[in-house]
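In this document, chain identifiers A, B, C, D, E and F correspond to the written order of the chains, with residue numbering beginning at 1 in each.
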Amino acid sequence: MIVSVCSLAKRSGLCTVQRAMLAVVFRSAVTKYKGLWLPSQTVARAMSSSGGATPPYTTLAISRPTESITHVELHRPEKRNAMNSAFWSEMVTCFNELSEDPECRAVVVSGAGKLFTAGIDLMDMMNNVLQPEGDDTARISWGLKKKIRKFQETFSVIEKPVVVAIHGACVGAGVDMITACDIRLCTQDAWFQVKEVDIGLAADVGTLQRLPKVIGSQSLVNELALTARKMYADEAKSSGLVSRVFADKEAMMAGALQIAGEIAGRSPVAVQGTKINLIYARNHSVADGLDYIATWNMSMLQTEDLMKSAQAALEKKSPKTKTYSKL
Amino acid sequence: MIVSVCSLAKRSGLCTVQRAMLAVVFRSAVTKYKGLWLPSQTVARAMSSSGGATPPYTTLAISRPTESITHVELHRPEKRNAMNSAFWSEMVTCFNELSEDPECRAVVVSGAGKLFTAGIDLMDMMNNVLQPEGDDTARISWGLKKKIRKFQETFSVIEKPVVVAIHGACVGAGVDMITACDIRLCTQDAWFQVKEVDIGLAADVGTLQRLPKVIGSQSLVNELALTARKMYADEAKSSGLVSRVFADKEAMMAGALQIAGEIAGRSPVAVQGTKINLIYARNHSVADGLDYIATWNMSMLQTEDLMKSAQAALEKKSPKTKTYSKL
Amino acid sequence: MIVSVCSLAKRSGLCTVQRAMLAVVFRSAVTKYKGLWLPSQTVARAMSSSGGATPPYTTLAISRPTESITHVELHRPEKRNAMNSAFWSEMVTCFNELSEDPECRAVVVSGAGKLFTAGIDLMDMMNNVLQPEGDDTARISWGLKKKIRKFQETFSVIEKPVVVAIHGACVGAGVDMITACDIRLCTQDAWFQVKEVDIGLAADVGTLQRLPKVIGSQSLVNELALTARKMYADEAKSSGLVSRVFADKEAMMAGALQIAGEIAGRSPVAVQGTKINLIYARNHSVADGLDYIATWNMSMLQTEDLMKSAQAALEKKSPKTKTYSKL
Amino acid sequence: MIVSVCSLAKRSGLCTVQRAMLAVVFRSAVTKYKGLWLPSQTVARAMSSSGGATPPYTTLAISRPTESITHVELHRPEKRNAMNSAFWSEMVTCFNELSEDPECRAVVVSGAGKLFTAGIDLMDMMNNVLQPEGDDTARISWGLKKKIRKFQETFSVIEKPVVVAIHGACVGAGVDMITACDIRLCTQDAWFQVKEVDIGLAADVGTLQRLPKVIGSQSLVNELALTARKMYADEAKSSGLVSRVFADKEAMMAGALQIAGEIAGRSPVAVQGTKINLIYARNHSVADGLDYIATWNMSMLQTEDLMKSAQAALEKKSPKTKTYSKL
Amino acid sequence: MIVSVCSLAKRSGLCTVQRAMLAVVFRSAVTKYKGLWLPSQTVARAMSSSGGATPPYTTLAISRPTESITHVELHRPEKRNAMNSAFWSEMVTCFNELSEDPECRAVVVSGAGKLFTAGIDLMDMMNNVLQPEGDDTARISWGLKKKIRKFQETFSVIEKPVVVAIHGACVGAGVDMITACDIRLCTQDAWFQVKEVDIGLAADVGTLQRLPKVIGSQSLVNELALTARKMYADEAKSSGLVSRVFADKEAMMAGALQIAGEIAGRSPVAVQGTKINLIYARNHSVADGLDYIATWNMSMLQTEDLMKSAQAALEKKSPKTKTYSKL
Amino acid sequence: MIVSVCSLAKRSGLCTVQRAMLAVVFRSAVTKYKGLWLPSQTVARAMSSSGGATPPYTTLAISRPTESITHVELHRPEKRNAMNSAFWSEMVTCFNELSEDPECRAVVVSGAGKLFTAGIDLMDMMNNVLQPEGDDTARISWGLKKKIRKFQETFSVIEKPVVVAIHGACVGAGVDMITACDIRLCTQDAWFQVKEVDIGLAADVGTLQRLPKVIGSQSLVNELALTARKMYADEAKSSGLVSRVFADKEAMMAGALQIAGEIAGRSPVAVQGTKINLIYARNHSVADGLDYIATWNMSMLQTEDLMKSAQAALEKKSPKTKTYSKL
């Protein structure tokens, strides 16, 4: 994902022109998509801070549709929510804060504007991040690994349950991002593209690692990653990448909020324990997973939420966030 | 799954009422389902011991539809086959016996009455199993882990190939159970619910460990486990949880018997070797799995079943149990 | 897969007749299939060396539909492309050569004649490979393991990206083979059968290890492997075994070539890195996979292909093999 | 370890004589050792039930040197504590009971008579356990695996901390046994022998798995296992197999009791947590081990033993069993 | 390691007195040691900032004995270098900075005053960190896990090669710390104690995970961890915990500097690659480790340090830091 | 280990001189050692083909001290047995042949001339193997990985039990080699050096992966690998790298032959099973290792060697190779 384009350019002496070229090229890849921006998507609009990114963020708009749900919106619509260097660090700050925020029990992630994200912002990357560092190949390599690891960590800080709602396009690093979320929804007009092979590299921020564990057909995973072809909503649903498809963004945002609400209304002890153990299970044998959850639950079963859950149900109340104290 | 409700209740001094509440609550969760009990399910009825559980079992009815197939029926229909403490130990006894029984070559598991199972029997659990033990948090925790491990082992004793046939509802610990079986079938009216998050805990008898390895959409697994929503037969089929859906229980039981017959009629050397290696492969890398089966087959290929299989086929006989000697 | 039939036969004194029996039996299993061989499959025909296998191969026909794509055709049509001992060693030679051939950037595998492959050639196996060796059970076992390992390695030498195109039938060892390929396509009339349990053994050349990691429904995997039932194209598609189904072989071969062309036209640095990391990810935890690709890309991102990819895209050229130098 | 000698013998028709031969042979291997049985080992004698095995055991003498320490003595001195079939099942019963016995906080294992153990009792094995079962090689193999797994489990039931005290000789299955214990002590006259290669098999009850994780020199492990040479006390100490060497059995038993007392006097929450996490660490990466103990301690740190430990220390009392309540 | 003593104390209502008690108790454990503080340890003194901790640190004194070696001294001598909450966060800051500092090529860690460290500062812990948080057992547990993970991470930030030099005593969390370093040295008067079991808990900052992978005798590891007995310098050497023992601190510091100088003078590409791959190898199979280093070295072998190393050697110069450019 | 020195040199334009320099430098590293070549080492001489390497080998002398023991001698004494490109391929050929040779039951490896080996032959490497290949960094990297993997495989082909006897010096790749052998012996004058860090790289042919699993002190492993200091015989023994030290080469060769004879005289079923399972255990958890050997022994216990072992022992014969038939 990280592209040492600049270093190559510098050596061959045509850096300035090339940079512009690269940016143009990449942009054109997503402009082909002529999505319509429907003016009536009122729910979605209500969910974002209307005017722009939420300070101190410049690429994210944060809002609270309900007390216990945080909405994180990728918010550089004029740049198709391309991920620039600000984004990569703001994501870490944002999700670290959400991890520490006991009020936040579920997160919805979506994109502002015409599409979810065009992926990495190559232009910005070149100007800010990808200066070649080091006196020889080994030292340049060392520096590159440090940067890749940092990018990878961006999507590993997601501790709270996350519902991601994708409309329009989800390209390149966008796929890395959504495979690190818990529940994926999309609109009927959404498409997905593991773009990296098209620009000469193997995807390295998580797609190749998580996609095969996220969807059921290895043949499809291979085809997507090796040919960079687009996958549309129906195939995303039938292959299991998303669990639901909605007619349009408005319906999807309502659906995302509803699912997030279901999660936020339940015991945070149960919800967080479930998320942590699902991730653990993905990476370990069944035997190791069973041992781990038994160790986990030897304390967690001593929660008062068990009794509260019973009471709530008895009184035929739907689950409420306030029933359970913070975790 | 294990709920130390009672210990909490005891501390807060409202144990008696609360216990009743909890039981009512949980029961109501499944009573909403108004399944019709069709009187004409003759095959299914024929398969179970008509009058009730088979002594010495009180929760299971055991029968032998054919010489080589054992039918294990969850048989507390008046309690919706809720899993009480008797069930947990009878399952172990029953499947341990089946493991040692060379006549039994395949097992069909189903539920008596209106639905497959409502999951754990909270009322019974509270009265029998879940007394808080230990003088401090650490000691209570220690005791809880021992109990969870015991519950987990209930579903790990299943050595013979098992076809599980689900009708009506399969809730909570029922999902833990069916993910530990080999082949899953259901009726058109069946639904599945990872219920645990609703009662304040992370599922700990196998669902979170096995479900992600059993179906192809991690997004769907997460949604089911984090929101406790019901999944109906069609989604169970398209997601791969079950491999076939039948119109009704009668058809399903016939289908289950037919599949079990296919298995029972084949070489037990081949069948057991296949099951063991499939489970091994799920928990290991491809390289480790290949090494293991090569080691396995260095003896197993020296079986006379190879020649017998050829002869049976030559004579155009369908495979028969008696062709192969016991394992 | 390896069958020490002969040793058993020898002991029981009826080797000659039995061998013939076995062969007949197995052949009949696939002859039931009355596939039509359409005379107009011109593309497919064009892709194979018209007359037969390509010397020095006796079971494979090798051709180059384009400069960068190699077509490997199983070519014993009169024997339904059954895998004899020549095949097992020719596959290794062939794919080892392809691995070393920098011109070859993608491979298409298909079968000549009426079907993809009937699986292992039992008759040939018995006469050539499966002579019992060793003075006691332990020594026979030792020899068997060596042979199994050798067979397993046949499908592990596949380093280049492989699109496999299946028509008609794919039986037994054929399934082992296709699960080791990257992208699977099939015709509407194709069917798949994990045949081994029918002939008295647990599949040991990769099916049991790879199939559960290749498709999304463990219930289906178990059913296929334990009952040896056929799976047809539609289920192969919905379960994710294949990523596309075509009306007939001609269309499929065109599709396979098109996909292979997409791959061959892209940066080999990107393509090979993607394949290697996808396979690594399948066998390791997400954390290990992320570390590995970061280590991989610390050198691979220093490729000139990044800039070339940009230029190609800028000039609106579709990706071309010649753009990128050999790997 | 399990030897299907009898089945071989039966086939070759010389079973009776051969059995006797085998027994004689094996016995002679340990009779070469002319250990002196010192009459004054009063402590050791006091620790065992003087007359013989403790009913219902026939091979074990159980005593309680202190309230919280259990002494398990291998007690077939006239047979050099050879492990017969009674032993293998009594060990399981005994350690399962100790696991459930909250009074028992540490266990000392030693051997009655002239030496620790001569290993498996081949004579008994042949008459009781190793009847060949099954109609062909595959079925005999299946039965053998079941038996080996059962033997292996004998040494996996050891949940409490165990100090094992070895004098004289520790041969074959004895080495399997002591590597499954926690702390190993020996007398100056002790020797150890991985005997299995001498009788034609690879050790299969744990030695090959645990020895390389128990001592620091792989070269030494390989030499011992491949040549069956004896290792004496000094090398056992310098290689780390034992942590202490004592002049004679009396001194060793006193030392074993002292160490067991140190353990029994400490918080059982701390002791059991330490043992469990040490075993976990041996089989997992450092990262996995750190995660596991953090999960473990999230409940265990809430023990009252922390405060009690402080008080005991403040009052300058040495740790006492009674300080801490049972686990 | 983390002790929720205060929460327990609070509940039982004797918090103030108990706190004092605990502190006194723990302190007395290390005061028994009557080490002499030799006035002539000039080298050691020269290495530390004479007056005290180096601002902004309050527990660490940082100095640069040579341009490329950083000396980190635990510097709360009046508190026996007990690890208080300031220490835990300063360690992270300090080692993160060292990781980013290209001038620093090796680190020496030692302790100021009479001993290396008395381990965790219980008194400080109680007042600052260990307030019970959460409304029920589950929530307190959740908070505890977060804290333990944070402590664990303190010793995982160590990226540069570290030589740790231990004199006097190294107790409790001190053992956790040194097992996370690369090379361990000690004085003749040093002793080590896995103290945690004495205060009622299982060590959870790394000792139980790393010690078994660091020294060769599992029996010794178990004995140390289960009985909390002291291990003195000679046994530390023979067991492999330390690789060298020195007569006194002055000699040891000279030795540590010499070893650090050897490391700092070599190619940082070689040194860091070696450290990273040694750690990787510890946690993975040999096969995985070989694949990883091959991937690592495909870039790292393209370093100019290879040629520089040759030149330096040719000119018979001992290796110098300045020979190699920064990493 | 592989050094792309030449590519670097080429770029900087001083290839010819530098090459010579590098070779001189490296040679001088081992010439410092003034070992005496004792004329009376008759056994050792007898073991090697007197005149030189054994055709078709140019770097190895192969002999058969007994019928069942093969002696492989590194035989370029005039080049200090430095490993040139001929060596790397001859090793593979040689050990592959030994693997297939049923007469060979144990192997002794040693070095001709003054020392065991000076490690890789840099001069030869530069002229033959290490030409930079590829148009950019990525392609050079790709080629380097292929070469490293090939080198690594050289030491993985060792299937038979190998006793390696080291005298004089064992440097660099020599350490990679001996850690891949089973039993290590050395003379009193032997020394070992993990040399790679001295020439600017991390050792990549096995030392970093195997050494930590071969000796018991991680601190020592780290020190050796990070500082390239020499380790002499006594430390090699106490750390467990070798299991025995001999006064001189003659005594060592006699000892090596004696150990190899012990191995060759035992049942090859037992010996090979032991070796395979020891290696398996090193790379897997105890639980996985126990399962594997149980699967292994389900066939291997059906060997006639069990009875033969008994008979041999009964007749008080020492074990003989001819007793057991070939494997």
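Criterion: a residue touches a chain if its C-beta (ideal position, glycine included) is under 8 Å from a C-beta of that chain, and two chains touch if they have at least 3 such contacts.
Per UniProt, the chains are A, B, C, D, E, F = Delta(3,5)-Delta(2,4)-dienoyl-CoA isomerase, mitochondrial.
Owing to the predicted nature of the structure, the values given are computational and were not obtained by experimental measurement.
**Student:** How short can a path of touching chains from subunit B to subunit F be, counted in steps?
**Tutor:** 1
**Student:** What is the Cα-based rotation angle between copies subunit D and subunit E, on a 0 to 180° scale and rounded to a multiple of 5?
**Tutor:** 120
**Student:** Between subunit D and subunit A, is it the same set of residue numbers doing the touching on each side, over half shared, or a different set?
**Tutor:** Here the answer is same, because the shared fraction of interface numbers exceeds one half.
**Student:** Distance-wise, how many Å sit between the C-alpha centres of subunit A and subunit C, to the nearest whole number?
**Tutor:** Chain centroid spacing, subunit A to subunit C, equals 35 Å.
**Student:** Could you work out how far the Cα centre of subunit B sits from that of subunit E, in whole Å?
**Tutor:** Going by mean C-alpha positions, subunit B sits 50 Å from subunit E.
**Student:** Could you list which residues of subunit F touch at least two other chains?
**Tutor:** 137, 141-142, 213, 215-217, 238-240, 269, 282, 284, 287, 295-296, 298-305, in rising order.
**Student:** Mind listing the subunit A positions that touch subunit E in their complex?
**Tutor:** For subunit A paired with subunit E, touching residues are 134-139, 141-142, 269, 272, 299-305, 325-327.
**Student:** Taking the touch rule as given, give the residues of subunit C at its contact with subunit E in the complex, in rising order.
**Tutor:** Result: residues 284, 288, 292, 295-296, 298-299, 302 of subunit C touch subunit E.
**Student:** Please output the residues of subunit D touching subunit E within their complex, sorted ascending.
**Tutor:** Per the stated touch rule, the residues are 161, 182-184, 213-217, 238-243, 259, 262-263, 266-267, 269-271, 273-278, 281-282, 285-287, 289-290, 293-311, 313-314, 319, 324.
**Student:** Which residues, counting only subunit E, touch subunit D once they are in their complex?
**Tutor:** Within the complex, subunit E contacts subunit D at residues 2-5, 7-9, 12, 18, 21-22, 24-26, 28-29, 137, 140-142, 144-145, 148-149, 152, 196-204, 206, 208-210, 212-213, 215-223, 225-229, 238-240, 282-284.
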